[in-house]
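Letters A, B, C and D name the chains as they come in the text, with residue numbers starting at 1 for each one.
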Amino acid sequence: MPPSRPAAGTGTATKRWSTALTYIEPNRILVRGYPLDEMMGRLPFGDAVYLLLTGELPTPSIGRLMDAMLVSFIDHGATPPSTMAARNAATTGSSLRGAVAAGVLGFGRYHGGDALACRQLLDEGLAMARTGRSIADTAGLLVQRLVDANEIPPPGFGHRYHTIDPRATRLLQLAHELELDHEHAQLIRAIEQALARHPALKDRPLPINVDGAIAAIAGDIGLPPELADALLIISRVPGLAAHALEEQGREAPMRSIDPTSHSYDGPSERRLPERRK
Amino acid sequence: MPPSRPAAGTGTATKRWSTALTYIEPNRILVRGYPLDEMMGRLPFGDAVYLLLTGELPTPSIGRLMDAMLVSFIDHGATPPSTMAARNAATTGSSLRGAVAAGVLGFGRYHGGDALACRQLLDEGLAMARTGRSIADTAGLLVQRLVDANEIPPPGFGHRYHTIDPRATRLLQLAHELELDHEHAQLIRAIEQALARHPALKDRPLPINVDGAIAAIAGDIGLPPELADALLIISRVPGLAAHALEEQGREAPMRSIDPTSHSYDGPSERRLPERRK
Amino acid sequence: MPPSRPAAGTGTATKRWSTALTYIEPNRILVRGYPLDEMMGRLPFGDAVYLLLTGELPTPSIGRLMDAMLVSFIDHGATPPSTMAARNAATTGSSLRGAVAAGVLGFGRYHGGDALACRQLLDEGLAMARTGRSIADTAGLLVQRLVDANEIPPPGFGHRYHTIDPRATRLLQLAHELELDHEHAQLIRAIEQALARHPALKDRPLPINVDGAIAAIAGDIGLPPELADALLIISRVPGLAAHALEEQGREAPMRSIDPTSHSYDGPSERRLPERRK
Amino acid sequence: MPPSRPAAGTGTATKRWSTALTYIEPNRILVRGYPLDEMMGRLPFGDAVYLLLTGELPTPSIGRLMDAMLVSFIDHGATPPSTMAARNAATTGSSLRGAVAAGVLGFGRYHGGDALACRQLLDEGLAMARTGRSIADTAGLLVQRLVDANEIPPPGFGHRYHTIDPRATRLLQLAHELELDHEHAQLIRAIEQALARHPALKDRPLPINVDGAIAAIAGDIGLPPELADALLIISRVPGLAAHALEEQGREAPMRSIDPTSHSYDGPSERRLPERRK
């Protein structure tokens, strides 16, 4: 029997392709041209992520903001469905990678997959604003359109628990301190205000959430839109791993995990040591 | 029909359980007791990962080593099977999270899942050494046992491409500079030498690889054994995401991806700017 | 410290919910009301899948068609990206479930996720036809619209290898023999003809593919649209498992898997025994 | 910069490999030599799975048993952690394949991954029996060893809900009716009795569960050991898909899914129609 002969198309043999990410040869690894062993110990992880995803080193300010974005989504307790998916895999004796993968699959349109949609909304608004409208007017128009289309909450706004999302507050504040907040941040703040003032949304808190803050900041530091959801995944993997490890370390296998029946028994609130402030 | 009645066991309703990781209430998030918004911009991502996984802040030196470990495994080009799994998912138009999850599932016993096994080997050797044997003798005994059992390469040693793994070299060097290398590092170096001297392994380079270096360092900074594989996953997720994004950005969908037919077309080798050294 | 108090919403404790799929109590399992042990050995797997997904038993003819649909997509060799994702996970020593999950993630918009989109196209066309147009005219209009929008190939048509997809041919023929082909099958055949006749597509074979055949048949037997992609997944899982097992059984671990460098070394073509015809 | 040059080993270009599963060429698909379109409508899905996994067609009796095994594990309600993982992915708006993959990852050592371990136990016992011991004595010895090693429940025995697993009962009965039960089935029944009689296990029901029944039957029909876990995965994928679809069809997104707070609201118990018995 003759070997499989694919028809023309993707089955063509020896069609060369290229990657611009990482160069490998024996004893040498270059990430976007920089020797990986030179990066280690000198380039913070957030900088390395930026470099890998965009191709260039960030400025120190942008690097600091990258790091803060990666810390911001690192965990959010046991209740997010992604964390529950990871714990449910873990309770069956799954490997750590299986539990983490199950958790990553728990990000969807409504959770951890919102940054891209928010960025698109902001870019749409900024295109409107460039025709001469003020940011405030643009925000009002966007909000009315969202209300009319019943797209409430809009991507990047609202949260199951928080009426003010402390991670979004802190990110936008840090961006401001570092003078990295520009038009995306301006517009997202204006949309937040327009939502708060809209008569149809009076009793419904719709604060900027962390997905929205990351979308806005990523826009203002010039990241391509699809990268923001990557940051959310990278950030949350430690949390998924930590929950899977805690599940396997503390609990009996094969338990029914009720997300509404748990308490926190970790350390009480404490402050970072002085030298870290 | 009556509702489902589970028998005694994991199906029992309202059995309370606890997590010590993260406390959530409206507008307040504490990670191991520290306010997340306070951590953002002040605590590097590597420190935050250490805190989340162990419960306490690292010393600055350990934090620096954490960061270096996380950078060390961030990507290794397109050929690792995990990266190929991610690219194959991506070429079918999968979501980013689907491609990343597929890549995470590509870690297995032989790839990115080796740090735990290496740590167990080292801990076993250190137990032997505590009975009075020298590190060098212990290493020799372990190597002979591995050769007799045909467990070559041992976990933490050898690599498909590198005869000297630059990431392992750099990690152990950095640990030494920070005075954080102790008995695990000592023993892994001794095993490397014993492997190099063993007559049955003359022409077979078996350098310490990055999994082994991370296992040894994690041992010397006191991390529980199962955490090292978590670090490998956390570290590689940016690489999986970057490859998935590059695949979807540069290539036509549904292509046959041949790992042996690609070149690197990214930047030439370049040095980090002075201020980062 | 007080226990986590979720705000109102999905965090509310003890909010009862229901499932209509399977009833479990000690020593008794009912699938849509039928005792599972009564189904075993009496209800073919295809019938059981139909029952589970729709709530009712199929007629014997529909059951036979279900079974044929599940066999149709059972494997397609080593080259599909989903199969390559599974093999890449397998070569790293992953568990079987990890390799299968990686393969399932390799279905995306362009591969194994097309049946829903095709069904939507057909339903749209049938709505047009109900206003009085003939099926042939409707097909012509749809094709022109697809050409104008550059949506070629349309969902359900075309294939990387086949100019006539034998699985689609057989499914539509079997539906016809069982008198289960109705308006969806009629329309998909008409679209295939309109594509073949369109001047802009002269040299481009766009046969009905198996996704399209399944979409049309599922429409004609009254399955809700989103079920067709479920059938594709259920059908392909044996193929993913078989490839993962073959990879781990025949090949060395950690190999670079080149989809364009393989041959077939299984049995030559053979016919089913008489009693199975 | 020169292209990546892998060192010798798995990175070698154009190293041909082979698959014996499925042959593909334009317009022709052969599964283990049989034309796929000939199989469709003539070969039941269970037979096709057996053919794909083993390389040969089953006898009609074995085919019937394959089908029963595939139906046996098709779903088990909402509480299994694998199903909860799938539902948690689904509630975030994940794609169907993402939810199914998350569910597949929810199989682990303690759940749906037990058939291989049970088979190994049975094969070990049968090796002992071949030295002259009776099956009853062998069972007693195995059970004592398991009790001494605190390996209770043994793989293939016990269940969270059932004191008699109706799926195991039916499978072993059907194997007996088809005269396909041999030494593995004999031994597993003997172990069940030895467990029931052991003084240390008096109040602890340890019935043969479905994993064990599948392991025993697979052994007696000559399937390689690692195939049984594949059957469990193939069987359960429809259940995972059905639960994901029900979750997305009935429930609001992003809900906290409490496995202990649900009821069944599907059809009451009903009997299969006469012609299916």
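We take it that contacts are C-beta pairs under 8 Å (C-beta built on N, C-alpha and C of every residue); 3 or more make two chains touch, one makes a residue touch a chain.
Please read these numbers as outputs of a predicted model, since none were measured by experiment.
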Exercise. If every step must land on a chain the current one touches, say how few steps get you from subunit A to subunit C.
Key: 1
Exercise. Tell me which of B-D and B-C has more C-beta pairs in contact.
Key: B-C
Practice problem: Going by C-alpha centroids, which chain is farthest from subunit B? Tell me that one. | Solution: C
Self-check item: Interface residue identity across copies subunit A, subunit B - same or different by half
Solution: same
Exercise. Quick one: report the Å distance separating subunit A from subunit B, using the average Cα coordinate of each chain.
Key: 22
Quiz item: Could you state the distance in Å from the CA-based centre of subunit B to that of subunit D?
Solution: 32
Practice problem: Measure off the straight-line distance from the CA centroid of subunit B to the CA centroid of subunit C, and report it in whole Å. | Solution: 37
Self-check item: Residues of subunit C touching at least two other chains
Solution: 1, 4, 6-7, 10-14, 23-26, 77, 79, 95, 97-98, 101-102, 105, 107-108, 112-113, 160-163, 254, 256-264, 268-269
Exercise. Please give the residue numbers of subunit D that touch subunit B in the complex, ascending.
Key: 1, 3-4, 6-7, 9-14, 77, 79, 95, 97-98, 101, 105, 160-163, 259-264, 268-269
Exercise. Over in the complex, which subunit D residues touch subunit C? Could you list them?
Key: 6, 10-46, 48-49, 52-53, 55, 57, 60, 64-65, 67-68, 70-72, 74-79, 95-98, 100-102, 104-105, 107-108, 112-113, 161-167, 169-171, 174, 226-227, 229-230, 233-234, 237-239, 241-243, 245-246, 250-252, 254-258, 261-273, 275-277
Self-check item: subunit A partner contacts - residues on subunit D that touch it in the complex
Solution: 1-2, 4-7, 14, 23-26, 79, 81-82, 84-85, 88-89, 91-95, 98-99, 101-102, 105-113, 160, 253-254, 256-261
